[in-house]
Amino acid sequence: MRALLMRDMRLALRSGGSAAVALLFFLAVVVAMPFAVGPNAQLLATIGGATLWIGALLAGLLGLERLFQIDREDGSLDQMILSPVPLPAQVFIKSLAHWLVTGLPLTLTVPIFGIFLGMNAATVGASMATLFVGTPAISFIGAVGAAVTVSLPRGGLLLSVLVLPLCIPVLIFGVGAVRAAVTEPDPFLPPFLLVSAISLFFSVLGPFAAAFALRLGLD
Amino acid sequence: MGFPSPQPVVKPLIMKLQVNNLSVNRGEEQILSDLSFSVATGEALIVRGANGAGKSTLLRALAGLLSSESGSIEIVEPEAEFADQTVSDLCHYLGGDNAMKPALSVEENLQFWQDFCGRPHLDVEEALDMVGLDGLQTVPFAHLSTGQRRRIAIARMLVSYRPIWILDEPTSGLDAASEKQFSALMQAHLEDDGLIIAATHIPLGLASASELELQTFVAESDL
Amino acid sequence: MSIDAVKRPSGLTALANPTRFLALVKVLLPYLWTATLILLGLALWMGFSVPDDYQQGRTVRIMFVHVPSVWMAMGAYMVMVSGALGVLVWRHPLADVAARAAAPLGAAFTFLGLATGSIWGRPMWGTWWVWDARLTSFLVLFIIYLGLMALWNSVEEPAKSARMAAVAVLVGALNIPIIRFSVEWFTTLHQGPSVVRAGGPSLAPHFLYPLLIMGLAFLFLFITLHLMAMRNEIMRRQIRTAQRKAARSHQSGGQKTSKSTSETST
């Protein structure tokens, strides 16, 4: 199991891996935002949390397409299915690896992007906290989409169409929590806990559904 | 999972792979119909047939990668060590693809499969030596030639132990010398009380091998 | 819908079952169309003959299209969920056909619900669109429908697309309550409960009866269209099977081609 985690992370971090690309993509989205809405510092700070979340969501979807596809193409998926380790556990590990090389680095770079967007310390802290608990949900929901579209030549677009609507709750509560941390009367904790709950829920449901789909998709 | 055992362990065991009235569909089409045979340890079964006769389908069904429509695939009279295990748990499946990551080195690839599959057998260096590629440990898999890649995939079966080898065109891309080397490896596996089921059109040079000829089967099925 | 349950997807039963289904559809369709048209006519006549609402004026009649569309939009998803369960649990040969045929219908009714909601919203709220909980969650439902349709269409082999789509349908079904809840939370947070909710629980009986009749008419319309879509899907698959069989028998010798062309025409 640790071997699988290490291998997936190593593959993502090698040159041409998905981790660096995801981070660059996140940077590109966040940088493009001020050009779209204008350089008004007040406005940018207000929508800062939302920008970061949209960036994280899109960057997260980016590498998901290949999550199982490369393994299927080179025959590793067959070996994974034959392995005595239960397939849902393997899917969990692979999703975790995906999160460790996309969601987690994005979360950790938030302070830098916060400077660009003129966000204050409280907003940066809240954004980091919600991204930390919320981005795993993207990886786990995405694993289902990746498993369902694994055999399609251009599954990536379809994957985004299937996964984005399912990620809407994460986005709503994630951005809601960031907003609540800034505007005084709204409580931060309920949406924050809801994001965490969604992540936990999909960390269980996602691997089982994805493993099921992978098994069914064999031929 | 962890340390590789230093020398190849000879595992005396008696078991038989028994297939009864197996039928397998692919999509809507029935590929295999009512197939029965058995293979015991120390024996090899060569599956032959024209393109589309269902060689790969049979091997994938045996390995547990395809579900069968009817019939059974069983391990009978297993040694205590292998009791209550399925063919999936006891087999190495060598398909058309090599299951290696081009971005990783040969050693990283093989080490991963050893850790992942468990039951370590030979260590990576020994396995590479067996396929005549010792010294390529640090070379990225992407830099190897087709034949070398296939030999690395064969080495994967040596780094962790499985009594059953299910091989789909194992010698594709190999030159004559490597084929001979591979026959010797298979012979050794059989003498180790292994069991081999292979699909191929070329002779594998095994002393004791029975053959199974598959006929193209046009099924009358609808929707 | 009661389709004779057959557990095994192979052999003669699989051949007989869709054929029997096609024959049944052929008999039923004229009656269903008649019932649908009568009900639709009746409901339209009733709908147009009700007096204007004292608050909403004549726009209240949009409700007679809007509300049944929304019911059918949700009902179609239920059909897809039961179809998905049918595929995964019972492996019924018609389950995927039913689920797949329901998707475009569900999308169409969702679109109709959104469009009528928007048209209704214009005079009521003064704008075509508000990020109201119901509208928003239906927009998401619409996207889910389109995504699932795309998934069905992009997997070539029916047996495989059936299983993939079934997993996606069920995961989507588990998500819908979460989406619904989050959207509710989102809208109350952002704009307060100021949105005018049309209709309301206390609907006057002279509005209720046309609505129920229209609901029934939509139900019959859905069943009719669904059966027709299933019929088309079965025929599409039969053509596909015949074509593949032709390719196979050609491959295995060529002398069977005359036989397979005769099969294609059946």
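Labels for the chains are A, B and C, by order of writing; each one numbers its residues from 1.
Basically, contacts are C-beta pairs under 8 Å (C-beta built on N, C-alpha and C of every residue); 3 or more make two chains touch, one makes a residue touch a chain.
Just so we're clear, the structure is a prediction, and the values are computed from it rather than from any experiment.
The interface with the greater number of C-beta contacts, when B-C is set against A-C, is A-C. Ranked by how close its mean Cα position lies to the mean of all protein Cα atoms, the top chain is A.
Here the spacing of chain A and chain B, counted between their Cα centres, is 37 Å.
Centre-to-centre separation of chain B and chain C, using mean CA positions: 47 Å.
Averaging C-alpha coordinates per chain places the centre of chain A 32 Å away from that of chain C.
In chain C, 157, 160 are the positions where the chain touches two or more neighbouring chains simultaneously. Counting partner chains per residue, chain B has residues 27 touching two or more of them.
For chain A, residues touching at least two other chains, in rising order: 219.
Here chain B touches chain C in the complex through residues 25, 27-30, 52, 69, 216, 218, 221-223, going by the rule given at the top.
Contact residues on chain A toward chain C in their complex (touch as defined above): 144-145, 147-149, 151-152, 155, 158, 161-162, 164-166, 168-169, 172-173, 176, 186, 191, 194, 198, 201, 205, 209, 212-213, 216-217, 219.
Looking at the complex, you find that chain B touches chain A at residues 1, 26-27, 60, 63-66, 88-89, 91, 93, 95-104, 108, 111-113, 115-118. Chain contact summary for the complex, chain A toward chain B: residues 2-4, 6-7, 10-11, 14-17, 70, 73-76, 78-79, 81-85, 218-219. Put simply, chain C touches chain A in their complex at residues 140, 143-144, 146-148, 150-151, 154-155, 157, 160, 163-165, 167-168, 170-172, 174-175, 178-179, 181-183, 185-186, 189.
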